[in-house]
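The structures come next, written out as structure tokens.
In the two assemblies presented below, subunit A is common to both, partnered first by subunit B and then by subunit C.
Right, the complex of A and B next:
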């Protein structure tokens, strides 16, 4: 570990999730939803699954050794079932505190939701049973970028400058400024929070897919989803598009026409992406 | 001083120094908080060993107490309330699940002794299952007898895990314990959404008992099964999960294939013109029903007696 890594890991050891903001709309919708009698955990997970901070908090909580089964739960729906509605309400109440989601943070939130949806589409198309968990990985794959913006704003500012100047990827700019990128921070946090290995690998290796030893398909799907979203949205401020990792095709056993199928489905689904729940269901 | 021995207080400026000194004497690291909303956030992020809420500075925290005590993390954490004599009169202990209270003006020795006792009492949980902290046999029996004596309508459910031994043999008892804790969580959460008289007990090993109003029993059984079936695959290793079976030794020592764990639930209802007379009778009926529920152990199944019915 480089000196820079050591310093940042120490700085980030402090309770990182505390100061992260949550989308007020998500809290409102979730709260309203929980007032319905017999509401299903699945519906609640669809609403909460649009917020990075709440999802991370919920997964951190259910994987805490206190609950008795750390490193097991990667599905938001399962986490909600196991935490119970009272605890979820408690998390909702306390989540409204920490500042608003500024426009740069909002871009990360939007990208996260779209990546989550796309990852889910890919997983279902490939008949993976763990579509839930893969969706969560899609949502959280950039969570460390949020952490950087909120906790290390000076470093984040430097990264932005490098990005503008060299027109490069976030990943490359982060490496230049800090010596390592957001996927490494993801790894520290996921390990600290006892996330299941499948989720941890997806968060840590979605840029370096060859490093995913136990669950390469998870990392590969997030890699693919991330790129497809960048292509699809041509995110402003991200004129540079990451490449699909060479191993991704091999791991998922897919061919280029598969991508067309996915993009077609994305077209239908992302157009309707709302911040609440899909009332048509 | 125990490392990380934190005490969280939700309190105004009043008595802050007094409390700080008392807590330090007891070996706690006091952390103060003035707003309820920050309090919950801190609690979940970094659970303390003692919680003190000041009723005089904030009277709306009965909801907060309910939220705190609904989580297993805080079951053994003493929750102490401070208040003035006037406020004390209006508190109904049935409604709030706290461990002790202290009345202003405080006396140092009493304060310290009370907190010390609360800590000891909290770890002396009688009759609770050490793994799940749920009530055990003594409480279960007395609860059932209480309801029968009151001639109250209720449904008694017995939950049993199929193929648990095979799982333990294959993955070890530490992971087996995780499954027990999972099942306890599921049953507890499903029941906590049911209105009326409810109860969850842990007889030991992989056997649980629940009590709900009779008209809710079927819905409860279905939901427990639905949630368990969904989540249990995550507790198996990838290869076993894909195959849907594990290979383990049966009771004779031969290698056998076992499916993923499933549940067997048996329910008897004290309802309408079908009345139970004694705890023993209830258990006898349940034991019979369990045999039916375990006929096909490859699927989660619930069985209810059909003799009772609403009047």
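Right, the complex of A and C next:
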């Protein structure tokens, strides 16, 4: 039984990687450049700038409420200088994966935006200088769900059936159908696309925070943000929430008063977000 | 209770629950301002798209909504016994209580 499980995980990994979309040329080019030392933001913005649609998408993301920049960021070069390469990489992938928000993706997109917002709030209140990167990690933490829905619809359909039947979390339904969940697929994608280690750990370990050896705070913040949004958005009939990892509060040094402040800020900020989401359509 | 509405739904007499800023962060209108016809026109001209206003709800309605939140929270946390989750539950209950009952007589 165990040997069979192992084979099917490997087989599934192969299938996922095979079905994965090729990143647009511009994205690949920019990515390679950003891996080199001492590359100028100017050059990166020139490369990305060749794709006007992509540039527009990135600028819209940067100017959306979850980044909370008080002044509009008008140029890509400015954005790159302000946000740094890791965040830009995250935004590039977001623009590709969430390029077309079709109705089936709407729920995932809304949750992604809310998590990004909350992750940013937590990171800023903790005075982390990597707050922008952590925000984009919030945006991407369910990226493999998009990949499943768009590129592996047969598997996604099975997961949806289990969710309807058992009224459970995506995580639990995924485990039932595939034997593992979206966080594992996140790791495969992050490795395939050469994500920086910080983003990789945030995306792969937001449910298994203890596995984040180099960037535990990143994983912990995404874990916390995800749970906070689920609790905040509870609706009758779907009272299922994920767990706060036992190490999360300790890693982030969270106390009740602090948590209360985060929830308050999240509540205030999410009002503005409701309309930001519509713009993205 | 604070509610977010599109500017098309704004009516004179409504009270702003939050400051309104334009895209560059400049505050156009302070929290607490009562909207007038003129003000709404000017905000529309300034490309404001949404407002957060105070919605009046009765004490009874506030208590009812709070009870509904409590039921949701209790159900969701029913089998979550870890100290982390219990702390989160307490904090959320306190948050919803403040949000719904803050204007209700103590």
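The rule is simple: the second predicted complex is superposed on the first by the 168 of 281 C-alpha atoms of A that agree within 3 Å, B and C clash if a C-alpha of one lies under 4 Å from a C-alpha of the other, contacts with A are read in each partner's own complex, and residues count from 1 in each chain.
Simple rule for what comes next: a contact is a pair of C-beta atoms (placed from the backbone, for glycine too) under 8 Å apart; a residue touches a chain by one contact, two chains touch by 3 or more.
The model shown is predicted, which means the values in this text are computed figures rather than measured ones.
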Touching partner for A:260 - first (subunit B), second (subunit C), both, neither: second
Taking the superposition as given, does A:64 touch the first partner, subunit B, the second, subunit C, both, or neither? first
Scan A:90 for contacts with subunit B and subunit C and give back first, second, both or neither. first
Go through the superposed model and pick first if A:78 touches only subunit B, second if only subunit C, both, or neither. first
When the two structures are overlaid on chain A, which partner does A:161 contact: first (subunit B), second (subunit C), both, or neither? neither
Once the structures are superposed on A, label A:249 by its partner contacts, choosing first (subunit B), second (subunit C), both or neither. second
Could you tell me if A:106 is touching subunit B, subunit C, both of them or neither one (first, second, both, neither)? neither
Where subunit A meets both subunit C and subunit B, residue numbers: 72
Name, in rising order, each residue of subunit A that touches subunit C in their complex. 70-72, 227-228, 231-232, 234-236, 239-241, 243-246, 248-249, 256, 259-260, 263-264, 267-268, 271-272, 274-275
For subunit A, which residues are in contact with subunit B within the complex? 15, 17-18, 57, 61, 64, 66-69, 72-75, 77-78, 81-87, 89-91, 93-97, 129, 196, 214-215
Once bound in the complex, which stretches of subunit C touch subunit A? 2, 4, 6, 18, 21, 23-25, 49-50, 52, 68-69, 72-73, 75-77, 80, 82, 84-85, 87-88, 90-92, 94-95, 99
Footprint of subunit A on subunit B - complex, ascending: 37-42, 44-47, 66-68, 70-73, 131, 177-178, 181-182, 185-186, 188-189, 192-193, 227, 230-231, 233-235, 238
